[in-house]
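Heads up, the thing below is written out as structure tokens.
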Amino acid sequence: MSTKRSIYQILFEAKSIDDVAPVPKTLTYIILGFWTFVCLFPLYWLIVTSFKIPIQVHDGPMYFPGIDFKPSMHAWYYIFVDLGNDTLRPYFNTIIVSISSSIIAVVIGSMAGYALTRITYQPKLGSVLMFIGTLVLTVISVVWLGLAWPIALASGLALYVVMLTTVGRRFKKSLHNNDIAFFMISQRILPPVAVVIPIYVLFQRIGLLDTHAALIITYTAVNLPIVVWLMRDFFESIPMDLEESAALDGASRYRVFFTIILPLSKPGLAATFLLVLILCWNEYLIALFLSTANAQTLPLLVAAMNATRGPQWWYMAVVIIIMITPVIAITIVLQRFITRGLLIGAVKG
Amino acid sequence: MKVQLKNITKRFGDVVAVNQVNLDIKEGEFLVLLGPSGCGKTTALRMIAGLESIDEGDIYIGDKRVNDVLPKYRDVAMVFQSYALYPHMTVAANIGYPLKLRGVDKTERQEAIINTARLVRLDELLDRYPKQLSGGQRQRVALARAIVRRPQVFLMDEPLSNLDAKLRGKMRAELKHLQHELGITTIYVTHDQIEAMTLAQRVAIMSQGVLQQINTPKNIYNDPDNLFVAGFIGSPTMNFLNGELEDGDFVMTGCRIKKVGKGSRENIILGIRPEDMQIIANGESQIQAMLYSVELTGDQTIVTAKLNEIDLTVREDKDYSGRIDQMVQIRVDQSKIFLFDAASGKRIRYET
Amino acid sequence: MKKRLAAFSEWADMRAPAVFILPAIMVILMLAIFPLIVSLYLSLSRFKFIKGGFSLKFIGLLNYKKLLVGSQQFHFLGVFGKLTVLEIGILILAAVLLIVWLVRYFRSGRLSIIGVLGRLILTTGVLALTWLILLTINQNGYPGTLVVTIFYVVFGVLIQFLIGLGLALLCAQRIPGRNFFRLVFFFPLMVTPVGIAYTFRMLVDTTIGPFTPIWEFFGWGAIPWVTIPWAARWVILLGDTWQWTPFMFIVLLAALENQPRDQVEAAIVDGASGWQIFRDITWPAIIPVCVTLILIRLIEAFKIIDLPNVLTNGGPGIASESLTLHSFMAWRTLDLGGSAAVAYMLLFISVFFAMSFVNFASHRLKDA
Amino acid sequence: MNCFKHLWGRPITVVIIMSLLFLSPLLAGPAHAGKYDGVTINIMTFTGPQIAEPLQRRAPEFKKLTGATVNVITVPFSDLYTKLLTDWATGTNSIDAAVFAPQWMADYVGPGYLEDISTRIAKDKALELDDIGEFFREFSMKFGGKTYTITLDGDFQIAYYRSDLLKKAGMKPPRTWDDYLAIAKKFHGQDMNGDGKPDYGSCISKKRNAQAFWMITSVWGGFIQAKGTSEGAFFDLKTMKPLVNNEAFAAALDVYVESTKYGPPDEINLDVGDTRGLFTSGRCALSVDWGDIGTLAIDPKTSKVQDKVGAVILPGSKKVLDRATGKLIACNSSRCPHAVNGINHAPFAAFGGWSGGINAAAKQKVKDAAYDFFSYMSQPAQSNVDVTIGITGFNPYRISQFENLDVWIKAGMSRQAAEDYLVAIKASLNSPNMVLDLRIPQNQRYQQIVLDTAIARLLAGEITKAQCMQEIENGWEEITEELGRKEQLKAYRATLGR
């Protein structure tokens, strides 16, 4: 126990607990600074590129507007004035689609997540398998035998109900909440390309192609697992007493859920909502399949800037910039929520 | 090893958590830092441990100034309120961890673990994980982990507060015995005065970051330095009466107690402990009050009487009986009276 | 009327369990299970446009056969080289290790049908993949989209996790400005993957990219990374890392900050160094978060498409093509059956990986 | 079906009303009395500015004339083909007409998605059909003898060179591929734009899954097709055997691979946009491309090489394929009837030029309006302006367009540059030996998957030349077998007018 510190200690050991020693501190800042550069440089390059005219892009790199090249607003002008509505429409679409589907997903997903934490479900394994079997049969009869799909669906449903009331009673083995939760979460494993073609046909049949509705429904389905996953754990951390006392006071389950549970889970809801919003906002593949003109979203606009002439870097940069600006703004405001909400899901998941 | 705090101050933003505290802790002493929650006692303890930096003042452990010494070089051990056991380590691993960090070899470590475990009666539980233990057992693990490496100083942060009353009493006794046996300087933080009184050789009372009084438990009880200490120590708490001094007599509406001090003075608070008052049937009494409630606690009866809306608590023996709403005569043991200056809260002492 | 309402609300309350969960189940059934079944059928058939619509001809496992042993084998599995002695050695080593692991399990006495089955599948799967990887990445072989995807997933997740953890540890220190870093490090996650792909395409371009002059300054000249298979794959991984490290970072940082402060302080007082605290206290505490986190990323990483599609279009040759891209390209030329078959193979592989990882990790977790 | 309509009627109405409300600012405009008042045509093409820009620009003019609203819907280029096909095949029919590559006709005409416009075109005087280049008139717009599309853009590839450099070096523009390689070799590594850094001999877009498979076809055309367009350059006309595993194809591959040596280091990842950018910023001596470079090169916003660009018909070969033996033989008058100075040129109408086609399932009135719109776009008054603007992506396809120099000079070309550029186009457009792009059903799989992948692997060094040729042959044969050899052969012959 000596107060005299060796050189090693001076360099590598902090003086007190609130302090960081010079060498680790310097290293920390170097690394963090480097990663800041890594994170920001691509964004900087986008901004710079958005002010270049084509020849300035193709003529090799130029770094500083006003210093090594003369900035031009032509790309901004093209996106906002020339394209005008063709920019604004996808923008509004993206806003409408991502916000509504995020809200729906959060509501439906938290209902399911809540139910899975508080209500015990015991669906019989046999009836579940039977249901899937009937579904397979229905699909086959539509696709293969060319049966009209409303008929097939109705008869399939009828068949299932009949079977459930007769054979269904004998099933013993049943599933539990965790199985259901796992089933929901496992949907996230599906590669979108595997399911997007049938979804396209589905929406085409019910006449919803190229509408906001199609995208909203699909995004809701894609993001439900995440919501269920995150919210389930959030609800688990809410003490039971609250609900029980409300139930004793005569509140229905719905009232308990909407007036007690949801307000209590605000941070979790906010974080989940944001995460889902970001995912919807940036989604490309499904939007590509399901939208043509009316419901086109921004990621498509980005990809669209890759014309036969090759990528129109300058336009693309503008589109990407206007696309990320609102998300970054929201994130700056609500960042703490994201961290917390994400954590609870991940820690307990 | 002795520990000295010289004028230490700690600020968190605008809040002064510890304000110019001076403490002198002797070698082998068991010192309790007592105070209500938020009084800065835990901060002071953490500053001794090195877990908080020191804004002003100096801390000495032994003869070394340790302001700029990292915790690991201070050779202190700390028991946390939450025990801070490592959940993924067995009891044995938890206890042995400080030794492992010091590079003690395995056989030696094993021996130390077993010895220490035996000392705190954990030898049966060495293979369990913390979550498989009861509160008291966890507490003992935390203790064992502190003991195992025989530090210069023990620091304990409300180690018993998470236990139930019965277990707390038992652990208190064990702790005291252990400390006595090991003879290691111990600084113990608590908000529980009974713990403080029973464990400490000396008690240091803190309030709002300021050290109020430091003395033996007995002296603190019998000779509080100020209003805060007087009110904080003792259960039921001391009765306080606001009034003034007239030629040595304490006067307030409906009450006059003679010869408690000297001279005349306004804004005086008179303090008297419940056990130093007595309800008398007849004879000379200083206070007349209305009986408000009578509570039998077993070996004694706590009587509350009202005097001008002020509650007076009197401790009577268990046979006392009285009717509520009846006027009673209370006699005060004048030699046990404390006088305080109402403005500063300071004790007014007279040379006798 | 009022009575009726009360009766209704009571009835509704009784049905609450169904009402709560049915919307979610319905949506998933309609948009995940149903399409999945249709896709399965699609993968077993040949799609063709005919007058006034399209036809599906059932062809059994032909689409799969094509991938595994037929004309698309080079594309999916890769070109097989000849194993060298060293590689045979590695293979034998892997086999021995797996068998030892199996035997240990059988000796443990805690046998269950699912456990045995799962372990057998795991063993065969791991062996087959090892063999495939060795066979295709050796000198004469050439990896197909399967191996390339596994490369992206394994290395991507690993690198992102390590960088994310490192940054999170640095940012968890009490240093000024950490809120700034936290925010900035989160940005890449905001950018749409297509946008990231194009941005990186611009950045790494040898003629218009901003880094070429720097390389030239150091005398390395323009590196034609796109003509070197491994370079192309790493560049794609670079973009992927740029985007997904923030996710790892933010969750790990939250986990670190959520860790009981007492435990760390206890270790500090006991004299642990920074590294010891991390190894003995922090790391065990955040393992559960890490497991979940890696699992999430694992699942998502298998779907990588935008980066290889835009950065290299899968080139040079097929060097950087991922399974999703493979499937997407087949879809684009309306080979829907082939596309669905690839997608299904991808599904099997990701399920296999996710399951194995969960098995492996939960084993570790229980031990702790 | 009815019952479902009933079921879904209401939400659909709501959605439609919502989207109408949303789109109302777009739809609103001053009313005109016209032939097609109230008619809306949804035309799909890929995202501009190229191709989409002139459509969008001309739409208000057309509305003023006729009252029809033209709604241009754009999707990314790579998705256009599938988007159209799925829309029409599944019966969605939200797209009334499209501007697409005539190459895709095979897949669109077969199932009957495209409207036969033969009679309309015959009656249409304003279109001045005779002014359109013969190749487009006779091959590109037709399928199986009937006309389905109106050409809006002339697409064939030509070779570009830096006229200033060649003049300084005293070299002639390339006539054969050997010349091309020689020039590329000479200039590779020299500084050509004055920035002190070495530049490249030849820039050809070779990116996979983009447009590279047209580039290789441009090279092999001259080696394989010699007897006129109807000889075909992809398959044997009797057996449907691919013409890819022979000496001529090998020679073409040699040229292609060697040209990579004189290109930018990441040439195999360059899309045409990139190579055009490089060429117009003065960093390449040679390039093979569609007509776009010519117009881009005169635009100061994109070009550093104004007046320094020359163009020639695609280089040819003195030796061509003997289809009987698979060997390369020297040209003679019977094998190469169209050879110039003993060199067989086969300009490649890669893509075939963006053309307008109409959905057969659209409403009659909409079809009429759509036809009139395409006709309007193609009429010389409009077309002659559009082809000179770089950003339109339209390249000349009318005879009047290369005979009338004034149009080009007005657009900013110097007389010399305009002459060079137009000579190349004229030579190509007039060539009876133009190579017709592959137009059989599922040609995308033949070209974009099999050919493209094999060439990409060859360039990446994954496989040898022989393996590459074998892979293409096997892949093509597999698809042919899968779809039916007879049907495919019939379709192939039909596209070649046989």
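Letters A, B, C and D name the chains as they come in the text, with residue numbers starting at 1 for each one.
Heads up, the rule we're going with is that a contact is a pair of C-beta atoms (placed from the backbone, for glycine too) under 8 Å apart; a residue touches a chain by one contact, two chains touch by 3 or more.
Note that the structure is a prediction, hence the values are computed from the model and not measured.
The minimum number of touch steps linking chain B to chain C comes to 1. Chain-level centrality, scored on Cα centres against the all-protein Cα centre, points to A.
Averaging C-alpha coordinates per chain and comparing to chain B, the farthest chain turns out to be D.
Looking at contact counts per chain pair, the maximum sits at A-C.
Averaged C-alpha coordinates give centres for chain B and chain D that are 91 Å from one another. Centre to centre, using the average C-alpha position, chain A and chain B are separated by 54 Å. Note: centroid distance chain C to chain D, computed from Cα atoms, is 39 Å.
Centroids built from CA atoms put chain C at 17 Å from chain A.
Within chain A, contacts with two or more other chains are made by residues 17-18, 57-58, 60, 201, 303, 305-306, 311. Along chain D, residues 79, 90-91, 274, 277-278, 283 each make contact with two or more other chains.
The set of chain B residues touching two or more other chains comprises 50-51, 71, 73.
Of all possible chain pairs, the ones that touch are A-B, A-C, A-D, B-C, C-D. Against chain B, in their complex, chain C makes its touches with residues 260, 262-263, 265-273, 276, 280-281, 284-285, 368. Of all residues in chain C, those touching chain D in their complex are 46, 48-54, 71, 75, 79, 142, 205-208, 222-227, 229, 309, 312-319, 329-335.
Residues of chain D touching chain A in their complex: 1, 3-4, 8, 11-12, 15, 18-19, 22-23, 25-26, 42, 44, 46-51, 71, 73-77, 79, 83, 86-87, 90-92, 94-95, 193, 195, 197, 211, 271-278, 280-281, 283, 292, 301-304, 393.
Of all residues in chain A, only 17-18, 20, 24-25, 28-29, 31-32, 35-36, 38-43, 45-46, 49, 57-58, 60-61, 63, 108-109, 111-112, 114-116, 119, 121, 132, 135-136, 139-140, 143-144, 180, 184, 186-199, 201-202, 217-218, 220-222, 224-225, 228, 252-254, 257, 278, 281-282, 284-285, 298-299, 302-303, 305-306, 311, 313, 316, 319-320, 323-324, 327-328, 331-332, 335, 338-340, 342-343, 346-347, 349 touch chain C in the complex they form.
Listing the residues of chain B that touch chain A in their complex gives 50-54, 61-62, 64-71, 73-75.
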